[in-house]
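Shared between the two complexes below is subunit A, which has subunit B as its partner in the first and subunit C in the second.
Our next item is the complex of A and B:
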């Protein structure tokens, strides 16, 4: 194999990845370039684009609905992500025990992750709907009064985050694998040193789990930045735009208002936001992610 | 000592059962709602077991939504196409990244990983415009071709798996006069059963549950997918909870069946993608 000509290797490689090259150019580079270009135009996809410079971008600053959708999305990212990931860690600790029947529990805890989002929304309407829904009935049975979950500005975002938490299955699996990867010897050493369960968690489990946490946080950041279906179908962005997400707003600007140029400017700002937050996360990770032994460790970036 | 152990294990079961209530409770409630009459859904306090038990929600569903069987078939067709297409192209592409010795590999793989991070929404509107111009709008092509030509997730997943196969296998085939195609088709693929199954399942599930792409690229109700169909049910009669529950149940069943029959491949696939 060593005698093989370098060019021949390159040619074979390119032939194998040819489908990706075609897809990458047609469905990624091309559209991305077009979107960058049209973000500087007034364009409705029917008449010719009118070039308006950076007007689309400057307009963002005074667009109240846009700004509200941006604030909502940042709420999801900065509150939804930590809450969801924290919940997932707790769940994986709960499921990381060796007792009879634990596999059945793991199987069933994972199931909600597979429910199609639209079906999840329907389940949430049944559970949290106005009037005598299940959750409200429980509250009334325990002496409380009906809550308008979908119609209260301060409640709708937590309700949507609860959907993300309910579908934690995928991330929990990854955390469980991460927990399995922690050497038993560390726990034994801690036990001999007389370290209690809480200290063991903060001194061993959590640091050893940081590579998995980084991966999961990045995944959740992307999920919450792109929140669409749940907000759109559960509460149509309301009440008073309290659940209008970034993606949902861009969707309406394009397909309801046919303001494609403006929508593409929004898409690019979203991309830059995700990029900046991801870079900050990855850069900061050098300080808080623990890689065992060599620098290669378990990084997932 | 042993009583203390029994205590902690009882405590663990209680915690696990409480969690189970949270995760499975809503699904049980969906089943219960589906088997109720419309009036029963407004009874206070709500009852888990429907009495009388009725399947009338399904007849209402198929009456009001005459296209329902069609949407289910459409979703099956597109999900199977994407499953097969994904394992074909992703295995080829991933083989290139995992087994050839080209100098270009690492640079291009970084680009693949970068596209994994970039939200598809950035390119979505121009894709919509592009597909409208080339006549793909309102066909299944936008739902299938981009999925298996440029999905970085599956390239990553297959590459991860191929990297675990010993390189000596390639060398042996090479010494015997085989080229890369022989290595791919005769050596690697026969060993890749698990990842092929995982890849098919994931592509199937992603397509089946995807709401955004059919919403944007499909206009004719006849060509629509189950996920958007469900949304149309919600729009039709949002007071009829049993009917909406019946629709959700139909959308959920194929996925649940796959999950319970091929659980191992699900778990392996998820873990493979999360860990280096």
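Our next item is the complex of A and C:
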């Protein structure tokens, strides 16, 4: 193919990348750079920013509420992500069994994913509210006594993680797609070799699912690091900051305290945390993620 | 052998039933609350099944004229309209711009292809709060504050990369030979794309449409901060106000929640058979 001809044809498509690139520069790179600059300034969005160097960053170390929100968020990431992803895998394995009527179940389980997070939080307030809530009434029915789910420091985080689990139908969908992509011949070969269901799961299903697991874990890590709506609307950070998430804290520093420079510094630290963990996950993936062929699937990002 | 299969089936049904209970019960509770009267919802001990089923809450939220919330009706309807306009415009634009960009990324070799794909992940990783003040300044300079355009632009900035990402891996899975055959017959690249690639990627498009629509329909953080007037407030913002501003009106909130969940549910129901096959053939294989 001649160069000029190729250029002429490719130009049409490059034209369609242009809106994305322009948008990316104007509404992402530009704002990101501005925000990085503000993170080194004392800035309240009304008067002019004053350059204060790394003061915003050094202040973080002694900010007790900030440190607690960081600890809470790390709890969500290191406990919430494995629990949620494990739950999703079990769920998708179950929904992948071919039995009559399973299609109905496959349709039902992603209903929660479609419910707006705002409404989900309302459901959780009705379910887990203190006093005569649904869950408490059930506990009383079986002879227990009321539990103050929202008002106990040790309970609020698991309650929030249960929201994440409930609304994770989107990821289950992706796992189901991953399971459907495993060649049937592998299972037949395993059966002929006399491998039982548990060995087949660990030797075939799980390794073949690792690309999907990597993708889902990265997405869930980002989700839990940036947890905002659920914690903000469910418990407003309480009790005693036990559900104060990182994003929530930064949000309050911005819009309640109007300390935007400090808030930007916090968000860049959060970005770095997410970036480092994502890079570690992607780098380590070469060791635990199984890729069939060299570049099948084409998505080699 | 036969007996063991039966046992397995019973077990699977039982577990599936438990999951349905776990998935459905909370949602059913939302629906039940929206059908209750205020008095019934507040009685103790808790009533498992509301003694009076009423559609008054739906009437009130859709047509106004109820004393429970100041002007819930008018607010809700305008928010519903805003949410529809914003989500549909964002989804349509993101699909139109996204699929062609995705095709370019999947098939054509040009410099900067790989970094371009990496930026998609980067967009997800930056916390929205880092960008909100600069975006705020841009929008007010452009006089787009409190106006649907600002949300449309911002949503596009993360829905479009998402669409490009999903469609790119979907398109990369379609064997290049298919279009090469057409090219030999004298088709231009663009025509081969429109007449051959596009029709066979419809199921991938359906799945992507749903995800893109839900992303903009459910978005809360930017909507909360960029809309303060009726002209631009979206559903999640107005529903939240039911539960915070007007003294925790759970009934209105659940009624709003049920209505807000209907469009994505109907959309998913409508595209149901495409969703799974769409994802199986592309999306996230590494």
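Note that in this section the second predicted complex is superposed on the first by the 281 of 301 C-alpha atoms of A that agree within 3 Å, B and C clash if a C-alpha of one lies under 4 Å from a C-alpha of the other, contacts with A are read in each partner's own complex, and residues count from 1 in each chain.
What we mean here is this: contacts are C-beta pairs under 8 Å (C-beta built on N, C-alpha and C of every residue); 3 or more make two chains touch, one makes a residue touch a chain.
The structure displayed is predicted, hence computed values, not measured ones.
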Practice problem: Report clash or fit for the pair subunit B and subunit C bound to subunit A in the combined superposed model. | Solution: clash
Exercise. Could you tell me if A:276 is touching subunit B, subunit C, both of them or neither one (first, second, both, neither)?
Key: neither
Self-check item: Touching partner for A:118 - first (subunit B), second (subunit C), both, neither
Solution: both
Quiz item: When the two structures are overlaid on chain A, which partner does A:214 contact: first (subunit B), second (subunit C), both, or neither?
Solution: second
Exercise. Could you say whether A:260 touches subunit B, subunit C, both of them, or neither, answering first, second, both or neither?
Key: both
Quiz item: Does the superposition put A:289 against subunit B (first), subunit C (second), both, or neither?
Solution: second
Quiz item: After lining up the shared chain so the two structures overlap, which partner does A:28 touch, if you call subunit B first and subunit C second: first, second, both or neither?
Solution: both
Quiz item: Which residues form the common part of the subunit A surface touched by subunit B and by subunit C?
Solution: 9-10, 12-14, 16-17, 19-20, 23-24, 26-28, 30-32, 34-35, 38, 45, 91, 94-95, 97, 99, 102, 105, 107-112, 114-119, 122-123, 125-127, 131-132, 134, 137, 140, 166, 170, 173-174, 177-178, 181, 212, 215, 218, 222, 225-226, 228-229, 233, 247, 250, 254-255, 260, 263-264, 267-268, 270-271, 274-275, 278, 298-300
Quiz item: Where on subunit B is subunit A touching in the complex?
Solution: 9, 12-13, 15-16, 19-20, 22-24, 26-27, 29-30, 33, 41-46, 89, 92-93, 95-97, 100-105, 108, 111-112, 115, 117-119, 121-130, 132, 145-146, 148-151, 155, 170-171, 174, 179-180, 184, 205, 208-209, 211-212, 216, 226-228, 230-231, 234, 238, 241, 244-245, 247-248, 251-252, 255-256, 259-260, 263, 266-267, 270-271, 274-276
Quiz item: For subunit C, which residues are in contact with subunit A within the complex?
Solution: 9, 12-13, 15-16, 19-20, 22-24, 26-27, 29-30, 33, 44-46, 48, 97-98, 100-101, 103-106, 108, 110, 114, 116-121, 123-138, 153-154, 156-157, 160-161, 164-165, 168-169, 172-173, 188-190, 211, 214, 217-218, 220-221, 225, 235-236, 239-240, 243-244, 250, 253-254, 256-258, 260-261, 264-265, 268-269, 272, 275-276, 279-280, 283-286
Quiz item: Can you list the residues on subunit A that touch subunit B in the complex?
Solution: 1, 4, 6, 9-10, 12-17, 19-20, 22-24, 26-28, 30-32, 34-35, 38, 45, 91, 94-95, 97, 99, 102, 105, 107-112, 114-119, 121-123, 125-127, 129, 131-132, 134, 137, 140-141, 166, 170, 173-174, 177-178, 181, 212, 215, 218, 222, 225-226, 228-229, 233, 247, 250, 254-255, 260, 263-264, 267-268, 270-271, 274-275, 278, 298-300
Quiz item: Which residues, counting only subunit A, touch subunit C once they are in their complex?
Solution: 9-10, 12-14, 16-17, 19-20, 23-24, 26-28, 30-32, 34-35, 38, 45, 91, 94-95, 97, 99, 102, 105-120, 122-127, 131-134, 137, 140, 166, 169-170, 173-174, 176-178, 180-181, 211-212, 214-215, 218-219, 222, 225-226, 228-229, 233, 247, 250-251, 254-255, 260, 263-264, 267-268, 270-271, 274-275, 278, 289, 291, 296-301
